[in-house]
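Both of the next two complexes hold subunit A, though its partner changes from subunit B to subunit C.
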Partner chain A sequence: MPTLILRPLKKIWALPTQMRLFSSEATAAAVANNVQRKRAVALRTPADPLSHTEKDIGHSYTIPESILSSFFSLGGIPKTYAENIKTFNEAAIMIRPHTIELLNYLRKANYAHPPIRYVLYGKPGCGKTMTITHVLHFAHLSGFIVAHIPWVWNWYRRSRIQAVSSESKPGLVNLPIEAMTWLKYFLSQNEEIIIKSNLRTSKEYVWSPRETTPADSPLIELIQHGIGRVKYACDVVDVLIDELKLNSTNNRCKMMIVIDGFNAFFLPFSNLKKEDKSRVIPDQVTLAQTFFKAVQPDWCNGAVVVTVDQFNTRDEQPQETPLYLLKKRGLEVIDPFIPIEVPYLSTYEFHCLLDYYEDRLWIQRPGAREELEFLSVKNPYELFKLCAPL
Partner chain B sequence: MLHLNRSLDVCNKVLYQQLTKLRFISTTACIFTNGPSTGSKNEQSFNDDDEFRVLDLKRIQQKQPFQRRPMRPKAVVPPPRTQKMAEDQVWSDVWPGPRTFHPAVVPLPVRQGRNRHGPSPDKFGNAELMKIPNFLHLTPPAIKKHCDALKKFCTPWPAGLETDEKCEQHFPIDVITTDYCHSSPTIRDPLARIVTMRFKLGRLPMDRHSRDKFLRLVRDRHDVDTDTVTIVTDRCPLKTQNYQYAHYLLTALFHESWNFEEWEKEKLETDMEYYDWDLNPSKSKVVKIVKAIDPSVDEENLPEEWKSKVDNYREALTQLFNKGENTDTLQNYKDASLKLLF
Partner chain C sequence: MSSLILKLQFQLLKSCNNLWTIGQISKYSQYSKQYVNPVPTKQDQQLLEESGEIKPLKFLPIKAACNNENSLYNYDPVVRKFHNFLMRGGNKDLARSLLDKAFENVKRMQLARYHKETDPEEKAKIITDPLKILHKAVENCKPLLVLISVKRGGAYYQVPMPIRETTATFYSMNWLIEAGSDKARTSRWHDRMAIELIDASENKGRVIKRKQDLHKQCEANRAYAHYRWG
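Presenting the complex of A and B:
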């Protein structure tokens, strides 16, 4: 018996020495390679999004720690990117041409006119949500109040969340917890600016015989009422959007509506169930109706940026184009809009991104760029995944 | 004794046969022996010798040396015929009709199939080449020969039908039927009754309504790319009947599509086969935006500057719906929106 145990042990001991030998050889080769090649250094732009121009395309800029811990404290950035912030020890975003295009539109738009709607579309992994993050940073710095929905489908995907029939709007259903969570998120992003602009309600809102929000009370109180009284959270969101629209029309503030995955509102299905276990269609939810109202061009001093995503379909081979994803009904809600394509990386951007990865030692053995280009089709997310084991 | 001997002999023979079947003993070895002898001699020794034969149970007496079975002579395969072929031979004589591929007859170094470790397999013993259809009997000279042979049965091409366009103009309806010919007891084939009729929809005098109704009636029988309608009739037992039925269908479809029924007035915007901007909420929204941007404009009569922008936008959106999304229509739409909104 003892021999039986000893034999495999011996073999196990034999293996690491061999491996060590191989790996040391490989490391030596890699080091020699690095010495020959000289690791690339990423191009960086120190400026903030307010001053990003065409010259900065391909450069990376860093979202400062203060913004991350305040504006993005309750999320709002994509999950994989949040992980990367830890990995790279900085929140860097590459400045891309379509983002500059969008920022230029946002800069030159006439804010006395109704808000212009921008629809970002593109293949998965091209960076629609990263563009949104960039734009959010821009909006925050330019003094916009930001009403951001990080991912619309999150409201609809969990079947255990029960949709409650709305009392104020018959036929529609409320998602009180979701609305409360969104109000918290909204407050975390905009508390400062709402207090600073001293925004107040225009009229009295009666929630119940004992609960009212009197006219000319601060908006913060309204929001806190929604957070405290979850039952009325959906109605508070509705009222809040109305009040904000009114306030921005009266030039007391600027508002930007940012919705990621907007076409999820127009799907013919969702996972939600009502009390009687019947399925809910996305636009039966009061929150959806509220944000349909928010994107209408009947107010001023604002902008609307939405993305359409082919993850929000169940089609076998979906397209990424806006009409296909929004369908006629969705297009009618948001037209006339300005479609902005989020394309694959250009060759220049591709090399810039790889330089960044080499700079941050995400790629430890540089080279094989043509292979990477071929394998990733210059899709940034695919490229990131391909570079992980390098 | 003789009797006993004989009966023993018979017994032995039966036993021998059975044992041989069961392969307990070799057919070449002898069982009862007095000396060195083989099978044929055994018979003699049974009869000739007077002595008792010894039962050689262990077969130690004699073992036949192992004899290799003679090799079967290899088939003589002549070298492939292709080696002897003259370069200027008449190929259609070598390969006159459709035939499965034969490597020794086709003088081409063709290869087919996949081999991971080297070049793909050559033509000899290649089943893949035999599976696929070949057109080796349809070489241009062979076709020319055929045509030349058939020429004497042909009449001259009618004057005035030189081009396809002229043919189409004078004969707008194509009728396709098939005759079958086989060596079977009956000359009838049920497939011969099928009649296919084809014509261009554009040749029929139609307006917008009748064309739409016609398309709804024929459904997928209309090919959008070529504007061709194909009607296949096979419900009658005879070819002539199907032919007449196809013509009847064409007539009925044409006149029915020109009819305007009372219920057709109930057609809604969602039933429209094309996108009409003026009937859609998009129009009122755009007008509202224009009004918000420039409150001085009259909604009914837009000034020239705005009218061109709005018309441009209408055109782009209609194209987006009617032609489908592609790089061009999307870019058009973007340009139109930018003009309208900035």
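Presenting the complex of A and C:
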């Protein structure tokens, strides 16, 4: 170290100005004052979603690593949440009252009757998708076959995807690659259950003069055919839903249809284009028609959980209620249903969530809860974003 | 005739404007000299009250506080200064959001390291607070001397000169910001900045290298040090 720039000399040159406020020592002292209270400890529930009750509200429960690497291996959880799993070193979900309400309905429903349709609605950032994740975990553990669409608008969002006219259903268009990826995702989630319950096709399907799926062949083969022959992927999805409905009506399996952002199916526009460059309306796509069929109450031994979202409209001041978002066309498809509101956090939940963030070091400098409460309006995602630079 | 008068007036105004830019004549302050600076944060007010320095201030008129000086939960003087240096074209919203994102990235990176570390002693050493990391980084990047060009005997010499704390902070923060901007087009400023902040807080990285290079240059030019006077 050269003699000229020895540290002690700095004190001679440094003049006592108002910059003293800016020195790290002063601020460090101020920060230390804040941190004098002990770090909060999060409330946790060791149990899995099968046994979650009203007592667990406000607690967090962890999705085990085995489920993450098998059931959620090809996505299915929101992107921000997937990032946070790394940061928090665990995949935790807070148990909230409306989730318990929905789980109770699912537990107590009579599965001999046609499926009950549950519609989750709420303001953006309140946790509709996280509720779906919670319900998916529940469905997986209680032996449902899950047909889950992570976000409907993803099918219509990219204008690069070309919609191909359907051969089997004139007037509609196919999204072969999207259907193929969905089949892969479906297979990754349900392969075990389908093999275990030995589901088989009811009749013969002829795809082309050379390709057929004979009657009484395993359902896995049908799915593999859709993945291998992308051209027929949309038709395979259609047939698969029919077969699953038939199988669950015959009490060979249970099925749950879970769709996030259901009202995107009823928009008057999409970014997709046909071969002649004309625009496609969302319900002209075969996949949409398939899932309209899936949510109809003409089968039993299952349940339907969908969410409606304000992001899927272009209105200037949209409401969050299902009646407003589904419009007439949507109501024709899904009425009657049980609406479940996903509300803002209660004060108790708000403090539980902040305790969790302090526990997992997401909030480094505890305090200022009143300010955070005021700024976030107890909206969980807003709160998360406010705590990000803290 | 009238156009001539206008022209003269314009030239007069222009010369006045030039006077301001020279910096010899300063603009008049809004406040008279008896006004004192405000103390915005509650903690600082408490400190003044405990030490008894607040007594004379109580009977003096006080300037209005700046709108970015407040007692909110996320207020920090260093961060405030950093926002001001980072701001371009008066877009303070953007500056704030960029630094917030950089803080988030710092926290995510440090927490990933924290959870990966198994040795408890090493674990305790990892700083996960982004604010502390910023303070440390700014402190570590402050230069002690800078080179200033001085004309002596018809030639310009790069003369090492000691600087004030304010100037050192200016250099440190601007070097950090420049290092964040020096990135590939595909990556984001806040991603790059997070890496630079963590590096600087650990006394390594590009900004620290820049500081050390400057110190070396000062050391090499110490023969000119006496040009500082006279």
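We adopt the following convention: the second predicted complex is superposed on the first by the 356 of 390 C-alpha atoms of A that agree within 3 Å, B and C clash if a C-alpha of one lies under 4 Å from a C-alpha of the other, contacts with A are read in each partner's own complex, and residues count from 1 in each chain.
The working rule: a residue touches a chain if its C-beta (ideal position, glycine included) is under 8 Å from a C-beta of that chain, and two chains touch if they have at least 3 such contacts.
Model, not experiment: these values are computed from the prediction.
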Fill in: Which of subunit B and subunit C A:N89 touches, first, second, both or neither
second
Worksheet entry | Which of subunit B and subunit C A:P97 touches, first, second, both or neither | neither
Discussion item. Contacts for A:A368 in the overlay, against subunit B (first) and subunit C (second): which applies, first, second, both or neither?
Written reply: second
Discussion item. Is A:D335 touching anything from subunit B or subunit C once the two structures are fitted on A? First, second, both or neither.
Written reply: first
Discussion item. With both complexes overlaid on chain A, does A:I116 touch subunit B (first), subunit C (second), both or neither?
Written reply: first
Worksheet item: Touch check for A:A388: first (subunit B), second (subunit C), both, or neither?
Response: second
Practice prompt. Counting touched residues of subunit A, say whether subunit B or subunit C comes out ahead.
Written response: C
Fill in: Touching partner for A:G75 - first (subunit B), second (subunit C), both, neither
neither
Worksheet item: Same subunit A residues contacting subunit B and subunit C, which ones?
Response: none
Worksheet entry | Interfacial residue positions of subunit B with respect to subunit A in the complex | 280-282, 285-286, 288-289, 292-293, 313, 317, 320-321, 325, 330, 333-334, 337-338, 340-342
Practice prompt. Within their complex, state which residues of subunit A touch subunit B.
Written response: 105, 108-110, 113-114, 116, 297-298, 300, 319, 321-324, 328, 332, 335-341
Item to complete: Provide the residue numbers of subunit C that touch subunit A in the complex, in ascending order.
Response: 37, 41, 43-44, 72-74, 76-78, 81, 99-101, 103-104, 107-108, 111-112, 114-115, 128-132, 135-136, 138-139, 144-145, 160, 162-166, 169, 215, 218-219, 222
Worksheet, complete the sentence: subunit C partner, complex, touching residues on subunit A are 2, 4-5, 9-10, 13-15, 17-19, 21-24, 27-28, 30-31, 33, 83, 86-87, 89, 361-362, 364-365, 367-368, 371-372, 388-390
